[in-house]
Structures are given as structure tokens and as C-alpha cells.
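Here it is, the structure in full.
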Amino acid sequence: MARRDKLLLSSSAQERAVRRLKRFQIEVPSWGFANTGTRFGKFSQDAAAVDLGDKFADAGITHQFTGMTPSVAVHVLWDFPGGFDKSVVTLARKHGVRIGAINPNLFQDQCYKFGSVCNSDARIRRRAVKHMLDSIEIGRQAKSEHLSLWFADGANYPGQADIRRRKKWATSALQKAHKTMPRNMTMLVEYKPFEPAAYFTDFFDWGSSYLFAKAAGPRAKVLVDTGHHLLGCNIEQIVAWLIDEKMLGGFHFNDRKYADDDLTVGSIDPYQAFRIFNEIVAYEWETGRDLDIAYTIDQSHNVKPKVQATIQTVCMVQELFAKAMIVDRKALAASQASQDTVGSEEILRRAFLTDVTPLLKVVRKAMKVPADPLSAYRASGYEQQAAVQRKAKRKALGLSEGGSYA
Amino acid sequence: MARRDKLLLSSSAQERAVRRLKRFQIEVPSWGFANTGTRFGKFSQDAAAVDLGDKFADAGITHQFTGMTPSVAVHVLWDFPGGFDKSVVTLARKHGVRIGAINPNLFQDQCYKFGSVCNSDARIRRRAVKHMLDSIEIGRQAKSEHLSLWFADGANYPGQADIRRRKKWATSALQKAHKTMPRNMTMLVEYKPFEPAAYFTDFFDWGSSYLFAKAAGPRAKVLVDTGHHLLGCNIEQIVAWLIDEKMLGGFHFNDRKYADDDLTVGSIDPYQAFRIFNEIVAYEWETGRDLDIAYTIDQSHNVKPKVQATIQTVCMVQELFAKAMIVDRKALAASQASQDTVGSEEILRRAFLTDVTPLLKVVRKAMKVPADPLSAYRASGYEQQAAVQRKAKRKALGLSEGGSYA
Amino acid sequence: MARRDKLLLSSSAQERAVRRLKRFQIEVPSWGFANTGTRFGKFSQDAAAVDLGDKFADAGITHQFTGMTPSVAVHVLWDFPGGFDKSVVTLARKHGVRIGAINPNLFQDQCYKFGSVCNSDARIRRRAVKHMLDSIEIGRQAKSEHLSLWFADGANYPGQADIRRRKKWATSALQKAHKTMPRNMTMLVEYKPFEPAAYFTDFFDWGSSYLFAKAAGPRAKVLVDTGHHLLGCNIEQIVAWLIDEKMLGGFHFNDRKYADDDLTVGSIDPYQAFRIFNEIVAYEWETGRDLDIAYTIDQSHNVKPKVQATIQTVCMVQELFAKAMIVDRKALAASQASQDTVGSEEILRRAFLTDVTPLLKVVRKAMKVPADPLSAYRASGYEQQAAVQRKAKRKALGLSEGGSYA
Amino acid sequence: MARRDKLLLSSSAQERAVRRLKRFQIEVPSWGFANTGTRFGKFSQDAAAVDLGDKFADAGITHQFTGMTPSVAVHVLWDFPGGFDKSVVTLARKHGVRIGAINPNLFQDQCYKFGSVCNSDARIRRRAVKHMLDSIEIGRQAKSEHLSLWFADGANYPGQADIRRRKKWATSALQKAHKTMPRNMTMLVEYKPFEPAAYFTDFFDWGSSYLFAKAAGPRAKVLVDTGHHLLGCNIEQIVAWLIDEKMLGGFHFNDRKYADDDLTVGSIDPYQAFRIFNEIVAYEWETGRDLDIAYTIDQSHNVKPKVQATIQTVCMVQELFAKAMIVDRKALAASQASQDTVGSEEILRRAFLTDVTPLLKVVRKAMKVPADPLSAYRASGYEQQAAVQRKAKRKALGLSEGGSYA
């Protein structure tokens, strides 16, 4: 049980790590650059994106400083309000990014007050399914490979709704969508144990998403949003199970203290995030192949400047993934086999406590991005410039942000 | 351990219960009648209140059907936007209600992004204190007896803010407010362990509110919002402690499943709400005096019609309080003294499981309100009429509700 | 939305309810009558069972007063220490009960410190499987229809163990057991999110038990222990899903406030227990058939006298099941279809708040048991007599109970 | 916001850090070296301490390898069963350690089934107080400076006990103890939200311990056990508040995933432990004085070898404290004042992510202990030797460990 005071990788191991980290890409969400808030109101930022061009510009600058975010997850309602639009694809390309996962929006319209695909009103269910099919068509034309599904469906009160009937309605909707998807598209089925529905949500845990995905068809997988778990839940175990079942389709990364706080990755519990990456890296180490997982950020930055927060979180993901790559897996396996609890734990934890900055420097140099992307971005003047331009744009458009609680 | 198959109160006990229940009043919040939502958007109801007149009308109709809600908690920013206004008092009276607790609003303005009384910027802190003093003045003129304080202050990330410094700033602000309050006014200091701040809130639990109130002055007390507790917390114990310390100033009633769901009382865990009332009734039984507590509803009805939800919750409070009144306290004390665990529990639980509808009928008859206020209201046509009128009013004013996530 | 002030069932509905309640049986665990404790020590009760005869006698007396507990779940290690023993069956019969579910014990022996079927040592895994096969043989001879499996397997520390490898080992063990089970035996796969393992447990939630059971074979189902869920979890939803998937094999009933407290049913949250029964009754109402579920009590009575606690909990199950039977399901379905949130909730909650004692009286009369089983038992003198006899027995055997923390 | 790729302390800052770390001492509990378990049974370790001599020897070897644990917390019932005994003091000294905090045991005897100082039976309360006074006398003679109080008092069921009456009984008991304490003794009042009592515990959170301590007298302070908090609780905030109120008396350190798991420090959430130390170091930095806090380990090592686990945890405390010492506090204060959320967070988090091994090497060299205490201990042969000797001792004494669940 050698104490890893510093990073001691063999040169071949280091080369492997650098290669893997260079391949590691993570999608950023278009909605992460706009003003968002809590139910008590929105706090506006001058530099927040006003329109789709701003969002792609912000994603592009993130990619420019990190080299890790070539694609942008889009929300159909906000980003393709009128169906597929080639100019959107062009706009993204102009900013150095491409369209990523397609996210139908099935929670914002007033008609979805009592649910979308689980609504007891068949007309609303049909409308929801139609929106899903329209979204698939947009994705097909935009050459997106992921249909990312989150449903706000649920109930606030016992008695309000029939759990089993809703399960059947949701299954039927997913099957219709699956049948429509082009061959190269994967359906990602997200879950969330609470919020906005308070008493139950129809897609409530990994088990429910697993069964929904299995019922939908072979190209449906589970999407794990790290913030969407009950307190005390062991998230890395769920990840390990889904990997083993070949049902892990993607991640929405964020952190939280209590509820679905949508905080930046590793801001509250970096060791837990590390342990999630550890399960991925362990599997890749065993099999010698990269897992085919859609890595995405899903955060809501109420008090942090949007691009700073995104760069910060992307770099943190990279740093924690790098830490997972330096775990001595042979030693760990041997230690586990000999039931040396203290020794096994130390092997894992020492990797986490090791400073991987030197490794990241090598990686970033190879990727031709700054050694410290966050500091470089903060020094670049982009944010100040965006604030001036976007403030003026808002004024010209007569836009006011905000929105009060009651 | 007699099984209470039916309600067997002596006639003197029944008279005492009826008298107490007739005295039981609960305040409703003006903001509970307007459209509210989650961070994902607002769901609009045609019958939701558009303006202050509608709010007082809805409070008045609630009082008319329940006889229990003669006062309305007001939010300064929304209900007295220009300082004290005698016409507001008159408007309330016109609808058969009066102004209750004054609630400053220290969370909605953009300047409060990083806190109000705990903001590291002294100018914001001064502005927050000034708003509190203005609110007190409104309260003085409106003859309100309660200054109800909830602060959204806190931080989203470790390192973001200095916990101890903020504690001192908050203490100083409360002391200034307390000094300004008229003699007959009580300051209610609310707490909330999370939301909207995600990493810490400055007023985070009953212990913090207790110390803040003690530092503020003798007329400051703790306000318990039943939904503002960590999972697993024993709320009735906190209530018992605050009663014992003579520091329980008031309640905000609601229920929740996971987070601060603002659901109607007793919708998720009615037995827990009963146990809270049990602590109050036990103390009143021992001392022969009513506790001086400000009972208030604080809910956010996203999917329930506002007035229905308010009547439903007010009646549930009354029903659970009535159940607490039929606990055989002499038998319970004797059973506890003999350490008969099963017997003691049965005495308490049987009171909860007893049907108190006959008792409530007597009370409601004496109060000249319908025997079943909720059904009577639903049959009254008020909601349908309000929907038509308020829809027209919104149209005339050019108002559109809603507001999307991003 | 009629308010159910009293129980108004049509006579045919009442007859149906009485018939169903007469068929409702619930198994009691042999270990629930012996002294148990917390990790800080055991509190001894004079009347606690000393030997297997006492356990069967206590189960028998419970059955005598409730008419609901004809069978006893047994723990192989404690109740069949030497393999199948016909005299045990006879002893049970003598006390008016029969052998119920067979529970292998895979957590007590020192060899299981690092797990049983998931132990990284193949010899321990083989020993664990052998114990399961031996248990199945005992069950076959005792004509038991259920193999009830709970594994304490897990890890206390990150790095200690390999989650995916353990998943495979467990799957293999379950498959061996399933292959060995006689045709009429059902395997019940329990789950538990924490304790005794602190970092992860191998059978950690319903999703994991579902997949384990599916991998084991067609006669493996999920066992839901109501206390084995993370805080905030919606247990009735899991029950509804398992019913819909035809994978609900059985229950271990208890209640809890925070951890796995093993309290009597409905002692902390009776409304939640009611909602669980509501899902069962709803399905039976729709299909016209009783669900084939193994209902079992699993509690640990540290401060309550064992038999009292068992009778109390059995009667509470019956009472809550009866409340679920009086839900007006036609009205509820219509109300849900019209998206009347308040009305739907009231229909469900009013059933819960209705006093079903009159109905229970009819049922108990028909079952020839006392109208108030708990009071009748307390008045019977059984406990006092047992205390005297068992104290003497302990003295004669030189037994001392207790056991300190460190 | 400079990225701290490596440790860049000025030489004066480094000297200050080394001096502070050399002064940092942490007490180990005598009970941490004996076999313990869960309610399901104890797992025995051959090398676990059999008697008091073994415990002191283990504490001594921990001190020898870490230089940080010169004192041992003792449990009166187990370590001073017959009252003060000078030979115990001598025995400790022989092993290079001294007697630390005195812990009365008020939970193990059968008489405490329904509580100790809160028992409704006045005789039990008197007995509990007498045991406290006896413990104080032992402490006085052993020159202990801390009376460490944990009460298992509480109730398992609603109705079982009277919360307010028990509060008064506990207050009275603490006052009697406080009056008896010698001038140089501090009373530490621990709290625990659940376990072993399941429905409520009488000392349930920091607010309750605060009020109990204030009522007891000026030398009573709050003891924070890091594992004794509800999920989602912000422990570092409680620590900051108690520091500000001058009421933080001491710590029991451990970590947990869900319940009171008594795991080694930083094994689940090292960042949280770091943030607790950060509050301490921040205060010491502001005032230039060490806080007078009793640091103690309180863990229960079921699957880890006892001494290894203790050395591991002590070193982790030291490492996390060292990380807290390298936070750039001037930069942090300036960043917070300018409301730079991202920058402030990075300053704090980068200190956590910095490798402090070089600093620890300097400290350990100055303390004349091995650079890597855990590895050095594992290589020392102590454990193997202890296993042989203690196995023989157990055999000679006819001791068998274990103890089953039921």
C-alpha cells in the first residue's frame, strides 16, 4: 500500500491517460447560458445569453477554452420553436459547436399542468407524443444522436392520480417514439424522485427508467442526472449496475446539497463524483474500450456567471476523471481479493487526493487549450464584452427579465 | 386502555372543546390566492386572484365558509407597494377580513441576489433594514400585531460567504427592527434549512431562529413553518421545546413529501400534524390558558384551485386540532408514569383515529357556518364566477401569466 | 364529493369487505418474540420467549386473539439449527400455528464478516449457497411455500469491494437456489439501502431486487420491507409498480422514523401504510381477485412487550386494510378522470379518516375473536404467567441476556 | 484567483502551519479498540483489545506512530467499574498515554430501558445522577478535564413519553452535575437526532444541547459528533455558530453515509470534514489564538482492524486540518467582499485539492514520527503479535465474543 505522495505513472500509463482524456467530451446545455432562477424569482445577469446566437457563442467560447465541449444540447421549445431550421445548425457551426441531444419540452405549456404522456386526458397525451415525434424529426434532420427525455409528470397529492394507469400511458408513448427514431438515435430516459411534482413523479428512480427503457425498445437507455437521487443514495452503485446491465445511456452532471440544486459538479461532494467516474474507468480498464455514454452538463447557475460556471464544471469533471484514471487497479483488485479493507480504501482515496494538475497540463497542452482554462477565460474580457452587448440587445428588444413569486 | 370506538366526551369536556374550537383562528396569506408555480413555470388558473381586491375577496369567502380566517397576512411589496395605504385596510374590511401579519419582501429585488440583511455589501444591508422599518410603519398604521420575517439569505457554494460575519449582520438588522417596533408588535423569526439558497441559509433551523430572536429583543419569537425541516426531523419536539422556552411565536402551516413542497396541511402526514397540535393542546390543558400563537397558512397551490385548497387546509387544521382535544390527558399521564408503552401510544393514536365529525358539526353550527365548508363552497358557484370575471379583468389589463424556466 | 361522516357501505359492499378481511392473513416472525436490542445492548423482558416452544406459544396466542396469524416465519439458524426436524412442525401445530417462510441466516456467523453470497472468498460463497440449499430442503420438508432471502452483504468503505463482481456472484447464488426450489416454493428477494453495511448494500433497492429476481428465475419475486427505504421515498408507488409487473412477492411490515427502526405498523405514519394497502385493494377491486402476496410482520420490539406489540401491529394492519376497502373506487376513478385534485384527494383521505371499528367488529365476530383483541389480551394474564415461567426457565438454564456495546 | 498547482506557502506561513499542526492533538476512545458490532451481531477480531491494558497499549502505539494521541477517553462502566482506581492511571502512563475525558455510561444497564436522567421513575433518575457524580469524582482524581455526556434517552413511539417533562428532568440532572464539577472541568453535552431511541431523543440537536448547556452552567459546552446529524444538514455552519457563541466544547469525529455509521473520518465525504476544519482555522487565523476544543475520535470499526483504523483516521484529520491551514484567507476575504462566487469557491476548494503531503512530512519529521504512519504501523508486526497474544488471553479467560441478534 504505497502512499501516492505524487503522481507516479509509468510513461505508458501516462500516455494512455492522456489519450483517454483527450477523447473525453462533454455536452453543454443551451439553457445553461440563459437567465434562470428559483420559484422565488430570477436573478438577471447582464452577460446571460439573450438569444440562440448568444447561447452558441457561449458554448463555443467554453469549447475554445476547454477543448471538451464540441456539442450543445438543445431544447426544442426554446431553440427550435418552429420545427427544424437549418439556420440553427449553421449558427451553431459558426460558433464552433454542433447540435447535440434533442430535448422535447413537455412541462412548460399550460396544458401539461396535470402531466404530458401520463395525463389522464387522452388529447394531451396525443399532443405530447406528437411533440416527441416532431422532436425526433428535428433530431433526424439535425443529425442528433440522442433523444433526451425528461418528464415533469407526477402528482402533488395522494389520490390525485392513478399510478399504474399512468405507467401504461408513459410506456405506450415511449414505444411510439422509439418506433419513430432513426437507427442511429438513442433514447435517454431520465428520472427524478421529486420536483416539480411533490407527491410522486412518474419516472422516479433508475429502476423505473430501466423498465420504461426496456419496454420502449433496444435503443432506449437510462439517463442518470447526478442530482436526481434521494439523500443517502449510493449513486456510484446505480452507475455500476447500469454499466453491468448495458443500460447506461448518459449523464446529466451537477451537484446538490439537499434538493435538486443544480450546482456545479464537485462543489458539494467531489469525492462522490470521483467515485462515479471510478466505476466508468474501472469498466473501461477491464474491457479496454470506451463506454458509449452521453456526458452532459445540466446545471442552473443562479449566482454564478454562466460561462465561468460552465468552464469550472467542465474542468472539474476532467480533473475528477483524471483522478479516476490514476487508480492503481491491479493493486486494488489484489487488495480487495485479500479483504484488506484499510488498504483497498487507501488505494482508491489516495488517487482522489493526488494532485493531477501536472497530468492535466500535459493533456491541455496536447489539446491546445490554456493550462488553466478558468483563469484564462476570466482574464479574456469575453464576459465584460458580452454584458455590454447583451444589455444593449435586451434594451433594443424591450426585454425585461425577472418574474416574481406571486 | 379503553378503545375509543366513538367520541365519548363528558358534556363539560365537550363544551370546553367547542368553546376552544370556536376561538381557534388561523390567518390566510394574500399570496396564497394568486398564481404561483415552480422554477419550471407557473400554471395559471382562471379563478386566481388578479389584484388585492380579489385576494381579500377570496380570504373573505374562506372566512365566510369556515368562520376561522378573519385576518390576512400581507406582503409589503405586493400588497402595500407604495407604503401604508388606508384604502387597503378599507378594502379588506369591505370583504369581511382585516390586515394580519406584515411580511417584508427581502428576496425578490435583483439587489438581493447575494442576500439582504446578510449581504456583504453594506448598502444592500441598509436598504434591507430600511425596508423592514418601512414595513413596521405600515404595520403600525394597519394595527398589525406581527412582523413576520423570512430571509432568503444564504449561499449556494462553499467559500462563497462568511457564515459568522453574516450572523452578526443579521443580528444587527433584527435589533434595529426590534427597537422600532411598537409595543404591541411581535417579531416572528422564520427558519428554513434550504431553498432558495442551496449550500446554507442564514436562518437555518429553530436553534438559529431562537438565538436570533433572543439577540433581537424580548418581543421576538420563533416562527415554525412545518415544511421547513430536514427529513427525519421530529417537528413536534421542536414545538414542545419552544413552548417550554416561551419562544413559540407562530406557525406557517403546510405539508411536504420531500422538499419545501407547500402542500395543504395533513395531505402527506396527517398524524404528524396531529402530534404538533397535541403538544399545543397538552400545554393549554395543563395551564388552563390558550397559547398566544400566530397560526398562519403558508402554501402554494399549483394544481389545486386556490380557495378550495385554503378551505380544505383550514378545515383539516380544525379537524386535527379537534382530535388533539379529545386525547384523554389524565389517562395518558398515568399510563406514561407507569411506563406502559403500548397503552400510552394507544391513548394518543385512538384520539387521532376517532371520527370527530360530530364534534365539528356542533362547533360549526355554533359558528353559523356550513357543516361541510368545502362541499358547500364547491357548490356555491363562487369559483366559476370568479373565473369568468378575472379572466375578463386579465384581458382588459393585458396581463399574461406564465414565465418559462430559461 | 360526499363527506363520509360515517361508514356508509351498501350491504353487498360490506359483505364483500367482511369476506376479504376474513381471508386476510399475516405471518409473524419467530424472532419477534425473543429479546432483541440495538447495537448498544439488549433490554431483557421477563416474558420474552426463551425457546422455540415459547415462540410458537406466543404466535399461537396472537393467532387466538386476532384470528389472523396462522403461520410463523422461521430462521433456520435459530429454529432449525440441526436441519429439518419433524418435532418443530409438531411443536408449532401443538400451539395452533404452522411453519411459514424459511429464512436462511447468512449474516451472523463470523465467516460472513465480508459478505455471504457476495464474499470475495469463493469458499464462503459456497458455504452460503450450501446453507441456502439446506434451507430449501428444510422448507420442502416443512411444506413451506416461501424462501425469504435477506442478505446483509455490502461494504462499509469506498474501495473495499467490487460492486459489479459482487452482483454477478449474488446472481449465480440465487440461480442455484432457484433451480433447487420445489415447484410450489416462491423465492422472496428482500432489499435494504443501508445497515448493517454502511457504504453500500448489494441488494439495495427494489430495482436491484427486481433484476436479481428476474435473473434467478420465474418463481423469484421482490419482497418489500416497508422500513427499508430512503427518506422521502414513495413506497406505495414501488408497490404499485411491482404489482403491475407481477413481481410483488411479499411484505415485511413495520414503521420507522429515520433509519430501520423496526417499529410497529402505523406507529409513525399510518396514512402512508394505508396508501400501500390502497394500491393492493385497488388492484384487487379492478381484477376481482386476491393478490398472492406473502404478508409478514418484521419488527424488533425493544421497549414494547412482544406479544402486545405483535397483536397491536396485526390489528393495525387489519384496520388500515379495512380503511382501504371502503374507498369509493368508482367515484375516485371518475374524479381522477375529471382532474379534480381536491375532490380526488378527499375521497381517498376520507376513507382513511373514517372510523372502521364497526366494520372490524363484524369481521371479528365472524372470526370468533374478541372485538378488541389488544385489550382482551392485556386482560388475559398470559403475559404475567409467561414472565414467571420464563424467568424460572432462564434461571434453570443458567441463561443471562444482555450483551454490552464494547 | 491563482490556481494552486502546488503548495506555495511563504516560509513564515509554513512555520506557522507546522507549529500549529505540532500542537494539534486528538483523543482516542478506549472503546474503539474492543470488539463492537451492529445490532445483528459482533464480528470478532483476534487483535482486538481484551482488557484495559490492551486498550491503553493500542492507544499508546497509535500515539507512537502519529504523535497526536496522548490521551484516552474512558467509559466509567468499562474502564473504572469500581470507582477511581489509581492503577488505571498508572497503567495508562505505562503505555505512554493519559486519561482523557470521563464518559459516564447511562445506557447499558437494564434499568435505563426507559431512560436515565429523563426516566419517568424518580429512582432511576436519582441513580443516573449518582452515576454522573461518581464519574465526576473519578475524573477529579484522574485529573480529567472533561466530563463527556451522551444520553441514549428518548422514546420509540408517539405518546410514550412527555417531551417537556423530560426536558426539565434532564436540566435538573445537568445542573446537579455542573455544581459538583471541579473548577477545571468542562461538561460536554452531546446530541444525536436518532438511535437508539427511534421516535425522539431528548438531546436531539445542537439547539437542544446549547440550551441544556446554558441551563447547566458556565462550564458546560456543546459536543458535536459529526455523524449525529440529519441528512442534508450543514454541519460546518453549526460549528461556525457554536464558535461564534463560544459554546463549542468538543468534537466526536467520524463519518457516515446514511445513519450513525461511525466510519473513519473523511471516508465518505472528506470535503465536508475539511469545511468543518476550515471554520476552526478561520477563527484561529482571525484571533491569533488556538480554540480550546476537545478533539476526540468516536468510531466503531466493525470491519477494519482497530489500530489501523485509528491511525488512518487520526492522519486523515491531520491532513484535512493541514489543508484548511493553507487556505489563502486574505484572498478569500477579498473575493467574498467583491461577491466573486466562482473565485471564492476556487480559493477554498483549491486548498482542499492541494497535496499537503510535503507539509505533513515536515511536521512528522519535527514530531519524530514516521512520514507515513499507517504504512509504518502496518509493517511493524504489532497487529500480528497482538492477535496471537490476545487470542491466547481470551482462551485462558474462557471468553467468547459474538452475541446474536435474537
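Here the chain labels run A, B, C and D in written order, and each chain numbers its own residues starting at 1.
Keep in mind that, in the parts below, contacts are C-beta pairs under 8 Å (C-beta built on N, C-alpha and C of every residue); 3 or more make two chains touch, one makes a residue touch a chain.
For clarity, every value in this text was computed on a predicted model and none was experimentally measured.
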Among the other chains, which touch subunit A and subunit B together? C, D
The pair out of B-C and C-D sharing more C-beta contacts is C-D
Per the C-alpha means, the centres of subunit B and subunit C lie apart by a whole-Å value of 39
Using mean CA coordinates as chain centres, what's the gap between subunit C and subunit D in Å? 38
Please set out, as single numbers or ranges, the residues of subunit B touching at least two other chains. 114, 156-158, 160, 193-194, 199, 230-232, 234, 257-258, 267-268, 271, 303-304, 341, 345-346, 349
Within their complex, state which residues of subunit D touch subunit A. 1-3, 5-6, 231-232, 234, 257-258, 266-272, 303-305, 308-309, 312, 319, 341-343, 345-346, 349, 352-355, 357-358, 372, 374-375, 378
Flag every residue of subunit A that touches subunit C in the complex, lowest number first. 114, 120-121, 156-164, 167-168, 193-194, 199-200, 204-208, 210-211, 230-234, 236-237, 240-241, 243-245, 271, 275, 279, 283, 332-333, 336-337, 339, 341, 344-349
Residue positions on subunit B within touch of subunit A in the complex are 31, 34-41, 43-44, 75, 78, 107-108, 110, 113-114, 152, 156-158, 160, 193-196, 198-199, 230-231, 256-259, 261, 263-264, 267-268, 300, 302-304, 402-406
